[in-house]
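The structures considered in this document are given below.
Okay, so chain A shows up in both of these, paired with chain B first and chain C after.
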Partner chain A sequence: MATQHQRSLARLMVAPSVILLFAWMIVPLAMTLWFSFQRYNLLDPTQTGFAGFINYTYFLGDPGFWTALWNTLLLVGGVLAVTVAGGIALALLIDQPIWGQGVVRILVIAPFLVMPTVSALVWKNMLMNPTNGLFAYAAQSLGFQPIDFLAEIPLLSIIIIVAWQWLPFATLILLTSLQSLDSEQMEAAEMDGASAWSRFRFLILPHLNRAITVVILIETIFLLNVFAEILVTTNGGPGYESTNLTYLVYSLALLQFDVGGASAGGIVAVILANIVALFLMRGIGKALD
Partner chain B sequence: MGSITLQGVRKVFGDVEVIPGADLQIENGEFVVFVGPSGCGKSTLLRLIAGLEDVTSGRVLIDGRDVTQAPPARRGLAMVFQSYALYPHMTVRKNISFPLRMAGMDAAEQARRVDHAAGILNLTPYLDRRPGQLSGGQRQRVAIGRAIVREPSAFLFDEPLSNLDAALRVNMRVEISELHNKLKTTMVYVTHDQVEAMTMADKIVVLRAGRVEQVGSPLDLYRSPANRFVAGFIGSPNMNFIEGEAAARMGAHAIGVRPEHWNLSTTDGAFAGRVGVAEHLGSDTFLHVDLDGGTHVIARAAGEIPVDHGDRIWLTPQDGRIYRFGADGLAA
Partner chain C sequence: MARKVSTTRKAVMTALAWGIAIVIFFPILWTILTSFKTEADAIASPPRFLDFDWTLQSYAEVQSRSNYFSHFLNSVIIALGSTAVGLLVAIPAAWSMAFQPARRTRDVLMWMLSTKMMPAVGVLIPIYILFQRFGLLDSRVGVLVVLMLINLPIIVWMLYTYFREIPAEILEAARMDGARLWDEIRHVLAPMAVPGIASTALLNVILAWNEAFWTLNLTTANAAPLTTFIAGYSSPEGLFYAKLSAASTMAIAPILILGWFSQKQLVRGLTFGAVK
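Moving on, here comes the complex of A and B:
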């Protein structure tokens, strides 16, 4: 164990980075908080001064707010469900000894390396486009009416796109966890008469518990802020059907030039993110027990 | 019931022949120990019996039934692994009842069997703990408990004591032997420790490079080893081998004398030498002697004898305790 002297030295050495990180977080947060209580519209510089809670009531009363909130949760939940389930399946598959294992693994990781804007464009124009897209072509060649994905099922389409991007991440984390599973345990279970499903249910899944928690935690942080995919594909539409909170804040600030209202939206998003984080942390506390 | 028969069992990994062909008969209720140096294929042989490895050619029979192609669960065997292979997220109770649960046994019968096994193994106070909260010896007992509840036709042990400290190893050795006396079920036990083999086995199978060198009771192997390898492997400290003129005089390529079969004298005898290291244990004295011919031998004397480093000593093999080996290593 470290001595008193070592510990205070350690604190001293860590202090600069802690202070920097703290300032990095607190300054923008304080500014946003400040703006959220100000009348501040870029189109009308005459409006200034303290606004009270007007910006908040305005944001929470926005016709898109509840839809955006619901869409945010659907988007996060949907992508999590797809990536965790798909990630486990893929990890189990590529954990098998097969020819060309290295190449397969690199191919699986590839989507994660593509920029969100680029992959969203590829999905929009090459796959989901109702006239030129591959899906439309496939549907037509089978005699079906092609679906206009981004117009008819915009949120689901965005969930598909984002899930495609995050699947490699989940797969990678789950694969490393899978590889740390003691092979003698699996053999013992085999001798104990456990079927493949039972081995998965009673050994692999509990073993993956921690890795799944990590995947959920990290993905949630990023998925609350999905933006590029929406901007590139649907612009939040039709109506508010694919608008999430991040996009709503963006449309307030940059499409309607209402900095005060957007700041209030930002603060609301921060509060919501913290509520989600609270639930996640509780979940993790249990999983890491 | 639990007789196991191996007929010409061969195992090849890639282009390495690990088991060139083993024939073996294990009778019901026997305690059989596979012993040999590391890498001799003893664990592989056990895993072939368990069904965790596929047999390349040959047949495995359990109670006369050909199980060569049967999956591990269908063979009616239970195995205790070197790492214990307990399920870390399950309590001791759930670990032990896991095979019963997989067999779809009803809960009351499961609980009855688990309690019975826990009673035998002194695990009752620990049933609600997780493996991580147990000591090495307790984990070992849980692993054995998980094997017992299935009431298998035979138990397979894969170096189960190698992760325990010396004192605990001796205790568990006795416990496993007592368990065998109590259950009277066939046990196949793999170890590299010849002391474990000698103390526990009804029948020892000595393996070298995948070949069965000799099969017999511990004292059979001690008294009449078939070749120089078995002679050197069984017995502690190892048998002393003397080659050259002294051996030729007795009509052999090499002669072997166990450390405990020397008569020691400070005045005269068959071989003269100088004491290198003298280990005085009180009950025994082990002398490392450099014979004048250049051979290094170990001699054991009962009790205390007053010799020390550098002293001259004469060693004489006891009558009828000299083993003769030909140039091919076989006992003559």
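Moving on, here comes the complex of A and C:
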């Protein structure tokens, strides 16, 4: 049994982590909330005082906000769809008896280990560049007009880059989960004449359920915060075409120095993330038990 | 009984898997190859795969023009430093939650996880202003602390899942035998805890090395790690493919190697122990 002394020692050991995280969350968040109700622009020090909801109406009324919100949803949804579906397929393939499985695994997970600014720039310059990029060369040699990816389809291009970074993550997690599948059960199903599809549908997919939930949760956390890939490729453009919420708030704050407006945007982003989190945490709470 | 698989099927699957793997790995392979080319070979059309004059010229130029090594050093200091401080804070917490769970331990853990859900832009402005006021912008200490804080929930969780696997009975037995706290830690706990701590450290170094929101926003020159340094190639230097590739190859090589050796820990750490 834990004594009183042991219990207070335990609390003391947890305290630094809790206090640090609490301070990290609450202090800046409170400041953001405070700024969001202030007239505060670093370029114009004469503007001060209480602003009421002006910053919010300004931010929410900006057409850029709705575009950014929609882009955020497309980016998160698109990358999730590609990586989860692709990850399942790839994990099933690598799990087959093949030669050189270890090397295949190593090659497949590599993109996840590349820092975002490197992946984005390599794709932007060496693959997607309309004059010197490899894709342009491939298009030309097949007799097509090369596409200027980041100018013509900026958001889709960013989705492709980010999906490339996260496909390895989904594959690795799903493969790990797949390898803990009971092979006897699979053989029994096979003997009983279950088709490949029904084995997948009724044995494999239910087994992967938990891993898929985890992949969606973790990826969503990171995908809502995609920033570097946009900064070094399109700067959110052309117009707002590839601006997500994170990038919009960044540009208001550090490019236009509108602290009040950016803070309102930050609070809106926090609220939206919490709505998403509410749904996800329910699923994940079960998965972590 | 091993499943019997026809050789044809195995060959087809192998070819398919290798084909896809090479396509996925191709951008990295291409970057590495290009880093050994001259600028002229790098943009040659048709592209040259292996038949070019291999040279280390780009590596030398990247270093001499931009003091590459100082940024590399910044990355090392920030990644290792934030990991070390994070472990220092997290080990006692994870330890006590694993061995002395209180009624609220589960809630505290879930709350820590939920702090990861907060979008970075929600706190970007205050952090930026505070950093400006206290002269922490573009300082290694500042970024180090921020990266420690954003990864702290992952460190605590991961350590917690490892520590929970250490049987508590062993602790009890050592205590019965009259081992003092220090002996208990040194002879009983440390040997069992070290592998988990090492895996956690490894994952955190990878995450901190590649972190590209706070490093980009809080550093510009002196404290800039490789993420920020490479971002500087966005234009127009990025069109010098050989130099971009050389800088990129050096930036990703250490983590590629670390990551390949720690695939299992990666899975476990990133899923908060839910998938092992």
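As a convention for this text, the second predicted complex is superposed on the first by the 268 of 289 C-alpha atoms of A that agree within 3 Å, B and C clash if a C-alpha of one lies under 4 Å from a C-alpha of the other, contacts with A are read in each partner's own complex, and residues count from 1 in each chain.
Rule of thumb we're sticking to: a residue touches a chain if its C-beta (ideal position, glycine included) is under 8 Å from a C-beta of that chain, and two chains touch if they have at least 3 such contacts.
Since we're looking at a predicted model, the values are computed, not measured.
Peer 1: In the superposed model built on chain A, check whether chain B and chain C fit or clash.
Peer 2: With chain A aligned, chain B clears chain C, so fit.
Peer 1: With the two complexes superposed on chain A, say which partner A:Leu255 touches: chain B (first), chain C (second), both, or neither.
Peer 2: Neither partner.
Peer 1: If you stack the two complexes on chain A, which partner ends up touching A:Ala85: first (chain B), second (chain C), both, or neither?
Peer 2: In the superposition, A:Ala85 contacts neither chain B nor chain C.
Peer 1: Using C-alpha centres in the superposed arrangement, which angle lies between chain B and chain C as seen from chain A, in steps of 10 degrees?
Peer 2: Vertex chain A, arms to chain B and chain C: 80 degrees.
Peer 1: Quick check on the superposed pair: does A:Pro206 touch chain B, chain C, both, or neither? Answer first, second, both or neither.
Peer 2: A:Pro206 contacts chain B only, not chain C.
Peer 1: Return first, second, both or neither, reflecting whether A:Gly193 touches chain B, chain C, both chains, or no partner chain.
Peer 2: First partner only.
Peer 1: With both complexes overlaid on chain A, does A:Asp182 touch chain B (first), chain C (second), both or neither?
Peer 2: first
Peer 1: Quick one: classify A:Leu107 as touching chain B (first), chain C (second), both or neither.
Peer 2: After superposing on A, A:Leu107 lies in contact with chain C but is clear of chain B.
Peer 1: Which of the two, chain B or chain C, is in touch with more residues of chain A?
Peer 2: Counted on chain A, the partner with more touching residues turns out to be C.
Peer 1: For A:Ile275, select first, second, both or neither according to whether it touches chain B, chain C, the two together, or no partner.
Peer 2: neither
Peer 1: How far apart, in Å, are the nearest Cα atoms of chain B and chain C after the overlay?
Peer 2: So the smallest C-alpha to C-alpha spacing between these two chains is 5 Å.
Peer 1: Just to be sure I follow: which residues of chain A are touched by chain B in one complex and then by chain C in the other one?
Peer 2: After superposing on chain A, chain A residues 187 contact both chain B and chain C.
Peer 1: Can you list the chain B residues touching chain A in their complex?
Peer 2: 50, 52, 71-73, 77-79, 81-83, 85-87, 89-90, 98-99, 102-103, 146, 150
Peer 1: Contact residues on chain A for chain C in the complex?
Peer 2: 2, 6-7, 9-11, 13-14, 16-18, 20-21, 24-25, 27-29, 31-32, 35, 90, 93-94, 96-101, 103-119, 121-127, 129, 132, 134, 137, 141, 164, 167-169, 172-173, 176-177, 183, 187, 210-211, 214, 218, 221, 224-225, 227-228, 231-233, 245-246, 249-250, 253-254, 259, 262-263, 265-267, 269-270, 273-274, 276-277, 280-281, 284-285, 287-288
Peer 1: Once bound in the complex, which stretches of chain A touch chain B?
Peer 2: Going through chain A, the ones touching chain B are 182, 184-185, 187-195, 198, 202-203, 206-207, 209.
Peer 1: Quick one: in the complex, what on chain C touches chain A?
Peer 2: Contacts found on chain C: 1, 3, 5, 10, 13-14, 16-18, 20-22, 24-25, 27-28, 30-31, 34, 43, 45-47, 89-90, 92-93, 95-97, 100, 102, 108, 110, 112-130, 149, 152-153, 156, 206, 209-210, 212-213, 216-217, 226-228, 230-231, 233-234, 238-239, 241, 244-245, 248, 251-252, 255-256, 258-260, 263-264, 266-267, 270-276.
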